[in-house]
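Multiple structures follow.
Both complexes shown next keep chain A, but they swap its partner, so chain B is in the first and chain C is in the second.
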Partner chain A sequence: MRLEPIANPGPARIYGLPALALGATVLVASVLALIAGANPFATLGLIVKGAFGSKFATLETLNRATPLIFTGLAVAVAFRAKLWNIGAEAQLYAGAVMTVLIGMHSWGAPWLQLPVMAALSIAAGALVLLGPVLLKTRFGVDEVVTTLLFNFIMLLFVSYLVEGPLKDPAGMGWPKSVPVAADLRLPRIAQGLRLHWGFALALISALLIWVIQTRTVLGYQIRAVGQNPQAARFAGIPVNAVLVKTALISGGLAALAGFSEVAGLKGHLSRDLSPGFGYTGIIVAMVALLHPLGVVLTALFVAGIFVGADSMSRAAGVPTYIADILMAVALLFMVLAILLTRYRVVWR
Partner chain B sequence: MMAFWDILISASFWAAAIRIASPLIFATMGELICERAGVLNLGIEGIMVMGAFAGWFAVYLGLPLWLGVAVAFASGMVFGALHSALTVPFGLSQHVVGLGITLLATAVAAFTYRLALPQVTSPPRIEPFQPWELPVLSDIPFLGEAVFSQTALTYAAFLTAFLVALVLYRTPLGLALRAAGENPSAVAAQGLSVTGLRMGAVIVGSGLMAVGGAFLTLSAFSSFFFDMVNGRGWICIALVVFGAWRPGKAVMGAILFAAFDALQVRLQQTPIGAVLPYQLFLAMPYILSIVALVLMSRRAEVPQALMVPYNKGER
Partner chain C sequence: MTDPAEVLRLDRITKRFGALVANDAISLRLRAGEVVALLGENGAGKTTLMNILFGQYVADEGQITAFGRALPPGNPRAALNAGIGMVHQHFTLADQLTVLENILLGTRGLWSWSMDIAAARAKVMALAGRFGLSVDPDARVGRLSVGERQRVEILKALYRDARVLILDEPTAVLTPQEAEALFDTLRKMVAEGLAVIFISHKLNEVMAIADRCLVLRHGRMAGEVETRDTSPAQLAAMMVGAEVTRPQIAAGQAGRALLQLDRVTTPDREGAPGLKAASLALHAGQITGIAGVSGNGQAALSDILSGLLSPASGRLLIEGQPAPDRWTPAAALASGLGRIPEDRHKTGTIADFTLTENAVLETHVRPPFSRGGWMDWAAAAAHTRDIIEKYDVRCPGPDARIRLLSGGNMQKLILGRVLEAGPSVILANQPVRGLDIGAIAYVHGQLLAARDRGAAVILISEDLDEVMQLSDVIHVISEGRLSPPIPRGTASVADLGLWMAGEGFPHAA
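So, the complex of A and B:
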């Protein structure tokens, strides 16, 4: 077989194939439910109900989507420039560490201290990604492996902090950090609504990234570098400088996930702060076709599947890891579908 | 300082280093085959998890240990087939597909484990490979204890590396494989199928990665844990680069690396370990991998067509 470019793909191809990919993912979900001895329709119904079936469920989904929007944006921004940032997990934890460091003692002026916390978290995350990116631009070291390895190093560093210098003396032996001061917790969006301002910050970030990508010179340069670095360099674009700027934005976004989880939801740092939000961000970004507003929708969808699978698992007995399988399958189907919107398979 | 030296001259230290190197050797050989044929396989981490689970589960269900190894190999081949189908004929991004395979294989292993054993609190154990003291050779002072008193799976790891080197450098198949990773058009001009060679390399390579994972459950430990592979796959990718894509050098790299790992465990028990946090020692393998990548980055021995899809239409 070989691939032939399609000159003018019609709307049926452009929208039909991704829809088909999602349909195929649902099919896989049904098969997995059958294997687990459950009724596929009931299982899918329970997932949807568990994700969006009640006010409580919906808020839980929005809360779960918040860090995924941040890490999804982080990956989307980086992948646009073909900068393979697989280290959102490490950058998230860098932001979380900084949030605790700045937020553990209140200065008595939260209107000043909260923005400082957020800004320094962004800086910490940006710095963590800067290392691998400089190794890439200076020495040509593949950033995929270095960013991945940084995830493990960062997690050990966090483990050291929560068992050592930042350990909560009132933690009853649990390895968790001292809490963020009460007046530095992100307030809830509305009284009685279990949803904090981190979610709004995530939406604003998505809008901001969309504006940067479509309305600024940097956005144009990032796209150019991603499409063809040689051509971009030839056109006078400082490729390495653009990569560094992209890294700063990407690392900062991932760090905001850590900031928002600590200051908005958990109130402290622990080793299990993130159940792989950094890795799931890759799926979110790819399924969203790297579009910042698409990231928001996809993060809601992905968060819904995880939250829904949790509650379905309790009711129907299908292991909650079905959500992880579905995410990976959706990713693989989606990249294939996107390819087939531009190419036709010719069997010879 | 004395303690440091005592560790380095003890046979048990080198026995540990070779034991720790064994899963890395399997998986590094698997990755090396893929990359020599021109395909970066980032599915390695998840395929190792899958292999660790599949091998363990087969033995848990009553199969003999060696059949467990075979089941692990087959499980790796399945994910290798999926990876290669997407990256070779379709030429999809090897980064994205590889990470997708890692997520998928990890999730499938976890899902199956929970499905088969819903209620267990402590993971069930199996009877793993026991050390096999080779006759005569194990009587050699020092070397006998360090090298020739390992489990059969460790000997298999070294044998595998030897066979991989033999095939790559001494057979027409190896020549074709290496050419597929350097100059695929030339391979096609010879009337050989680049697609077939690359897919075959990824499928067999993934099988070896899974056996590397199975070493953890069938030889090193006797139970399966979700996070037992713990980044070893990524370390193996660094080892392929460190070994300049050559099997012999990669094996040396794996042993060197494993020696550092064995050393950090022992240093934790010395006065140095009482002062420094244990996490610093645990981070050493990852830090070393990054250092190795930087040190080797200037050498231009990368297979020229690595990560370059080959489409017959674009000749």
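So, the complex of A and C:
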């Protein structure tokens, strides 16, 4: 068995194979449900119903999708430049820490202080990614290793903060931080809707990234550096500067996930603020083929599966682990689909 | 029907990649004791054909017979076991091993190593003597010259009892003298009944060594002729499908020096020498040719002129003024340099970018292509359409990805990108490597036209014919040293060959 490159894949391959990958994912889900002793159709139906079946469920899914859109965008932007940012989790927590630090005391009008909170969160996340990128551009240190390790450093740092300096005295001993001041919580999009402005901010960010990638000099340079750094350098594009700018954008986006989770949903910092949103962001970005608008759709899909699986599990008794398996399977199939759009398999 | 002397037979080999037909019913017969040349531009299908022979690809139709037995398709070992050896353009030797170890590598099982090293050595030495392939069996390959490495590759094939030897562009890396020695070896081999397939674009060499020529064009057989019945002009015509007129080249009118290197030295790197106190002056209205065997400092010279490398010592002067301190590709572009890089696939273009995106790669930071950080894609596309029209780039349109273009059309786009920026100095590094003759004539014509408009052109090429044909002044480069300028028509091929071999320089480096 060998792979032969395809010079010019047609639309059937480019769009058909990813669709097939999603179909195959559903098929695997059915088999898993069967093994768990449930009716596969009922199980899938319950997942969909649990995710989008009611206003409450849909809003829950949108809330869950919000941090995934941010981390997915962060990864997609970086991967476009072949900057392998595996550290969205650390950047998310950096943003969350900064949000608490700025937001624990109210010192100005919310319309002033909220943007300052967001801006400094972005700066904190950007800073966390800046270190690994400078190590990469100056000394050739592999950013996969450094960004990954930063996740653990950051999590330990957060543990220290919530057990120590930022510990909530009214927290009954739980390791969580002092809360963000009440007037600095992100408002809900509409009265009575359990959906905060973080979701809108995520959509705006996706649009903004799309515009940057397709319409600006920086976006063009990021793509050039990602596709062929040698040719980009030869053509006079400052490759290292472009990588640094990419890192600032990517780190900032991931930090916004932390900002929006703390200021919009939880109200405080804790060690379990993110159940791996930074890592799931990698899956979201890959399945979305690094397209910013695709990230939004994929994040909704992924969030839907998680929310839906929770509710399905209660109703059908199939463990929620099915959601994790589905994520992994979707990623594997999508990577395979991407490979097969560019290569055909030759048996013999 | 079967000829007993026939050693290899390709029967109507057809290979399609989607809509592209890389090989369309190609047939080739090779008899013992003959040299068959496989001629054709890049993209004509030579490489695909050889990849099918060696099992890298499986042909859609057709069959291969070696020594009367059908070769199973898609099995890389089958061709080797059948006695077919290949010497690739890029050698496949391990630098850290000796010549003998390289030759033995892969010929025996893991645990039988060192059993009969003496017998192996005797066999290698006998082969070397018989075919005039002198090389020290105990030398480390990393220390050998390119010509010697090629001999090791040939010995490697012969040691495996190859009866058919395929040489892919073997002379591209050799001095004229080394090429002549290679031809002597090939003549000895065919005298002993071996058969050779010689892949080349160089018509003079093909005329000198081949008995028969098979010409490919766009994946089809354009013709098969006995060498004694043909002429270079006829072969050229077959390769491009029309008689090619070589441009009539008048000498350029030399103006002032636009760029000078004054005793420039750069560090050696990765086995390739840097420049050693190299001096030259590029004059307006002149083409300066740099002749030399590849790997003698051309890369360092090209990198300096591209802005990728700064001199470690010595001065780079542009219009008499020192070059900017921060000497980068962007600075080189701003100083009026236009650069045609050696590797158009890896350095010159971005394969998955469209023609438009590639056309503005060097100019996108300036109006009209961008303003205040925003790209103006309409202006970029209009500019690309101009280039496509003016430089006759055959393509589906400005939105097509450049990987779909043939080498010649890709080079035309790069040429358009460089020339439309109006450079005063033009670096052309191997500008026609791998192009068909029609595209070569076009590129050369454009360089001459730029020269006549008053640009200073520097042409770096391993093809001595090309350098001698186009240049008003020639420098020979050897181990990083540049010869003094040799004016047009004052030196013979043999004279230049001596410089290329490192003779005539005041003191050895």
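In this text, the second predicted complex is superposed on the first by the 345 of 348 C-alpha atoms of A that agree within 3 Å, B and C clash if a C-alpha of one lies under 4 Å from a C-alpha of the other, contacts with A are read in each partner's own complex, and residues count from 1 in each chain.
As a convention for this text, contacts are C-beta pairs under 8 Å (C-beta built on N, C-alpha and C of every residue); 3 or more make two chains touch, one makes a residue touch a chain.
The model shown is predicted, which means the values in this text are computed figures rather than measured ones.
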| item | value |
| --- | --- |
| Partner chain(s) touched by A:236 [first = chain B, second = chain C, both, neither] | second |
| First (chain B), second (chain C), both or neither touched by A:215 | second |
| Touched partner set for A:26, first chain B, second chain C, both or neither | neither |
| Dominant toucher of chain A (residue count), chain B or chain C | B |
| Touched partner set for A:34, first chain B, second chain C, both or neither | neither |
| Partner chain(s) touched by A:4 [first = chain B, second = chain C, both, neither] | both |
| Touching partner for A:207 - first (chain B), second (chain C), both, neither | neither |
| Which superposed partner A:224 touches (first chain B, second chain C, both, neither) | second |
| Partner chain(s) touched by A:193 [first = chain B, second = chain C, both, neither] | neither |
| Residues on chain A lying within both footprints (that of chain B and that of chain C) | 2, 4 |
| Parts of chain C lying in touch with chain A, wherever the complex brings them together | 17-20, 57-58, 73-74, 306-308, 328-330, 332-333, 339, 341, 346-353, 357, 361-362, 364-365, 370, 373-375, 377, 401, 403-404 |
| Of chain A, residues touching chain B in the complex | 1-4, 32, 35-36, 84, 86, 135, 139-142, 144-146, 148-153, 156-157, 159-160, 164, 279, 282-283, 286, 317, 319-322, 324-325, 327-329, 331-332, 335-336, 339 |
| Chain C partner contacts - residues on chain A that touch it in the complex | 2, 4-8, 215-220, 223-224, 227-228, 230-238, 346, 348 |
| Complex contact set, residues of chain B against chain A | 42, 82, 86, 89-93, 95-97, 99-101, 103-104, 106-108, 110-111, 114-115, 118, 230-231, 234-235, 237-238, 241, 277, 279-280, 282-283, 286-287, 289-290, 293-294, 297-298, 311-313 |
